[in-house]
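Listed below are the structures to be examined.
Shared chain: chain A. Partners: chain B in the first complex, chain C in the second.
Let's look at the complex of A and B:
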């Protein structure tokens, strides 16, 4: 009997061994490229933060890997009329401390969002259109807006719901320390060290089912070479934003796998049209000022667009980590038009257009861009300048750090501005409104229209689309607006960036268009 | 001594105020932080709110005045990005940077002075020549490249050392240090060696030059003639006399190692102040930039003071603050 017991114990010990190693395997480390500036979900509207918050907190509506809206803490939602939205909330959801989630938490969240002290970029943009909230029952809530607000579901997908119980007296510090960082999400707060790491633990009672990891450590590795080294040495199991130079090496290494996806970020050029007569940094080839601003002429704008060989830039400068663009979003997004293809490379046609516009021998121009903000941004600007020299335009390139560049671009210091735009809402209407509607600060139109492009026909379509609740009709209006804008070369789309993640073997990541790096998308490979 | 300390303090305060003003003007001239902080989709109302929340709506001189008033009571402002007091953010990261700098300096001194002595005493031997060749490498290889090679060899190929971060820490007098734990040592080894390499080469060359000069001096010849053992001749007569320039350089370099460990910190993701400074400059996080530079300038001032005191201990002819000082 005793011998049998011993044997049984030994067998148990042997069985327990793999279990112990398995437990270790339920931990994973991920290398991120940018710092998380706060654990307060309403403090700083910044992509790396928003991505991190999605582990601990949840919005009413979530976005899937293609940024399509899917149920989150709300199971369904509908517009009752143009000014009223009804949301049904998910039942039996509990916060990390076990307290139940109800409509009161939503009401509290909406109250807290505009009142976070010292917020450098507030989420109030998303909650402002809601003028009144009615709690029908603990799981039904009604939002009233002053004017028809079609983007309400999309806006609410950016607002994390916090617990009223823990949030009522909480400051941003309380979230950073973890005291108030209590949400409903699949992971719980464990540790936050600014500019260094974030550690999360699994929330085993999660309503959406258990995650494959007990513990996730996010390490902030801003230096690209350090990020790759950490993956190679096994310190982390996944990294985001693989530098283009290392993609070749990693893809031929069997120990790692790469996954990529076209993103919601378009690299584009704004052409300064603030003045009819003067355009900064544009002169005749002799250095004398031109009589008119050439960028006001749609023929010149079109010439500048078709003179760029987008395929060459995507293939060589971006090493295939870009997809040539014909509008503001890849054409599987809401409101994009299948008719809009990237402009065909046609230097002869561009020369002809320039001659028709009265510049048969071209002009001189400076291309301004960033050198530390987008993937290979300075190299792209150099390539564009090369293409322009072929159509008789003397193009100089001047790039600078983002900290200097954006202030000057917003002031209108430049004529040819290379920029990037990520569409967080996942639909083209809001991008058209921000980038190309006539600038009107009071109405929130054209807030990032640094070119001051203005087209009344386009404005009318955007305004109409933004008050059309019916999805089908609205999509048609946005498509038409995009077609009009692109026919007029309101701006020059260059390409959509492709984001790349690398994982160690045995892991699989669900790549996303919003460039978020989520532990919930990382699974053991089958 | 006391009068000297007070005069030094007054000068230092002036330097600090002047420096903070220059940084203020500099950041103001670079650009508007709100452009970088606020979400591009935000409207004018939101921009105005953020500008006011960060105190950037006030005229420039008023902003500086607000800063000075706060600084007088020890408040250097809150980080625009992190919304925590800028000084806390830096003091939180400073132990890691100082630790890295000290370990690097210890490596540089412990290896540099003996190697330099050997190279100086036996300049024509194979060992002497080998040391000098090595020091040329240490000088000319870029820190960035050496760091990556270290990672490639010791983390990726051999798997002996972790490639990034700081290890487990122990609190010593309330300050967390990592060089007392095995995990901490494994983490600090590569960045410290990487950072030490340049200083090591510098110290080798400096010690060698001083030694070669000193061994030809009469007092060394005399000491030898007196029949003193070699160890005493070198340890006392040579070493003590060549230490003054070496101490000066060590002092200067310690400051610069703390202030400019940025490259090493970013390659090894060492959670120090250098990395924080670079991020803050990119984000135009003015309170953090100003606070960082104030802390670093203060460090330089303290180190210089200590170096001056050390002089007077090494060389009795040097008197602090006296008009008759002869250095």
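Let's look at the complex of A and C:
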């Protein structure tokens, strides 16, 4: 009897073992850098949230790993005229509960987006240009805009479509609890514990085909060392934003592999041009104020640009996790110019330019930057101070946490402002408009132009580009605008950040320019 | 028994020399002080002059050569700063901040402590309650808040350290002054109708000094450790002028990736400094404390 039992147990164990390991292999854990503040896709426009929502929900138009627009819940779209867009919707798509997706869900979504109570950062900016929606049939929908709005497809790529059936009476809490978090995406809501984890289960009926994972757990590991430790211990199989200091160690360890990709985020310097006479934190070397603001002189701005050894920063400070920049986006993005290369390091030329501008012995300037926002931001500031001290500028460095820094920079407290800008739309026109058009909040021009740089020629080109629906023509206009801005050193681009993901052996991740970490990009390695 | 003819100073020296450990500590302290004071002369590089740094030389291992052929004996940090020079200058800041804050805190604490002990009554109550309140908060907490308000700079650090330390001295002085106050020589001075200031500073003060010297020596070490902690947390000194704490903090993130030298050597320097001071302080305590006297 005993022997029989033992045999039976052994047989059971043999049978059960492969099943258990198989089940385990279809589960994966991912370490994220930042908390997900809500599971309501229209509550908080924040990169970590937007990235998470893409698992459960889908927009009409998606962005691929290079931020190129590709069909999502819409199969095609076209501008009928300057003010009218027609979208064809995907057929036979079902929500997680089995209900069908139709144009009514799109109409409901557009109605819901501007009316989410207490939204800390609304998505309404993406839906505002649409003044009228017409449902032609359940799978054809027409949008009307008041003025020509070229970024409409890009804007709609940021709006997740929710189910009308479940969303009509739902509050943000209902999404957070999972009750209303019902979308069309490849993963379903399973659990959401704020600041700790998000658990998703596979949606086996997904129109785009089945995903390799039954269950995905996202763990919030804000501390960089803890994130690396979790990967090393096998607690998670992938982490995002690998700290540069650990890249060397991980890349030499055969149990892990790293993928990286240049991102849409440029690190740049705005030079304060608000006043003709005064420049905060700039004085003569004797400590006395200068007669006029040197940053108004394009020769000084150019000197400050060519004094920076971008290769050295990318190589030594960023440990190769940066690509020297010559404009606001890497040159495979829409509207970028192949002619714009990173400024060549030329300290002698910089000295000459300063002398021509009337500062043969330089001046004293404080460099202001963040110390917790961008990759190695405070180290980059110190390295730039080194380069400036070599062209005769007495450079001091002051760095502070982003929460303090951005408020003061927006007020114009600093002369040298080191900042970062990620272009979510993936086209350079929108970044030129935000960063370099003459400041006019009402028109949405230059809203992040903290330097108050102003150039009427550039403004005219940007305005024209933003109302040119034809992609080819628009791209030409944006390229020309970028060339004018860079020739005038309207700002100083330093580098594009390179984002790095680390995966355990046996996994492969499709790196993205938008720095999103998606379970849909994680596959078992072949 | 014949009276000893040696002067008190000579006796003090002889007693101090009884402990070899203390002598070693003293020797080490002298060397460290010399390195700190002579830093601008002996350092191969001025680590605070950005023009002398080269980011291309960043994170070189100890013994590697720079682009222009100089050897970095202790390696470089992430900005290409020579660690050896950085440590010399860092010692200078640490010792300067430690001594300056101790001197000021001592002076303030001394006056308040003596006044509290001599006058007693409500003056004593007020001063000692303030001291109690201050001592009930962790020193690091008060210093953090002060620096957040005051901003960066060596002077600000000294102000913060004085603020958190004066209370120790006030309490020490008061307790020994209370004992001294009861003694006959003070009574005698009172009977002679000497001025109160004269009694407090000429009669009470010198007799309260020995315990104070011991506390002050220990506090110098504390002040140095506290300054390093604050710098490590990124408060206090500008990042282009690192003290030992900031150097350690800069290298901290590289520890796991094998670039140990950025944190390690400044850490050793800090450890040796504090150890040397404590060895000297221990021996001073043994000599000056009558109860421990053999």
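We take it that the second predicted complex is superposed on the first by the 507 of 526 C-alpha atoms of A that agree within 3 Å, B and C clash if a C-alpha of one lies under 4 Å from a C-alpha of the other, contacts with A are read in each partner's own complex, and residues count from 1 in each chain.
FYI, contacts are C-beta pairs under 8 Å (C-beta built on N, C-alpha and C of every residue); 3 or more make two chains touch, one makes a residue touch a chain.
In this text the structure is predicted, and so the values were computed from the model without any measurement.
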Contacts of A:118 with chain B and chain C, given as first, second, both or neither: first
Touching partner for A:225 - first (chain B), second (chain C), both, neither: both
Larger contact residue set on chain A - chain B or chain C: B
Partner chain(s) touched by A:283 [first = chain B, second = chain C, both, neither]: neither
Partner chain(s) touched by A:177 [first = chain B, second = chain C, both, neither]: neither
Touching partner for A:317 - first (chain B), second (chain C), both, neither: second
Partner chain in contact with A:243 - chain B first, chain C second, else both or neither: second
First, second, both or neither for A:464, with chain B first and chain C second: neither
First (chain B), second (chain C), both or neither touched by A:386: second
Touching both chain C and chain B, counted on chain A across the two superposed complexes: 225
Residue ranges of chain C touching chain A (in the complex, touch as defined): 49-51, 53-56, 58-59, 78-80, 152, 234, 238-240, 253-254, 256-259
Sites on chain A touched by chain C in the complex: 224-225, 228, 243, 245-246, 248-249, 309, 312-313, 316-317, 371, 378-379, 382-383, 385-386, 388-390, 395-399
Sites on chain B touched by chain A in the complex: 30-44, 46, 49-50, 53-54, 78, 80-84, 89, 92-93, 148, 151-152, 155-156, 159, 162-165, 266-269, 271, 275-276, 279, 281-284
Residues on chain A engaged by chain B in the complex (per definition of touch): 35, 37-38, 43-46, 117-122, 124-125, 172-173, 176, 193-197, 219-223, 225-226, 229-230, 232-235, 372, 401-408, 410, 421, 424, 430, 434, 441-442, 444, 447-448
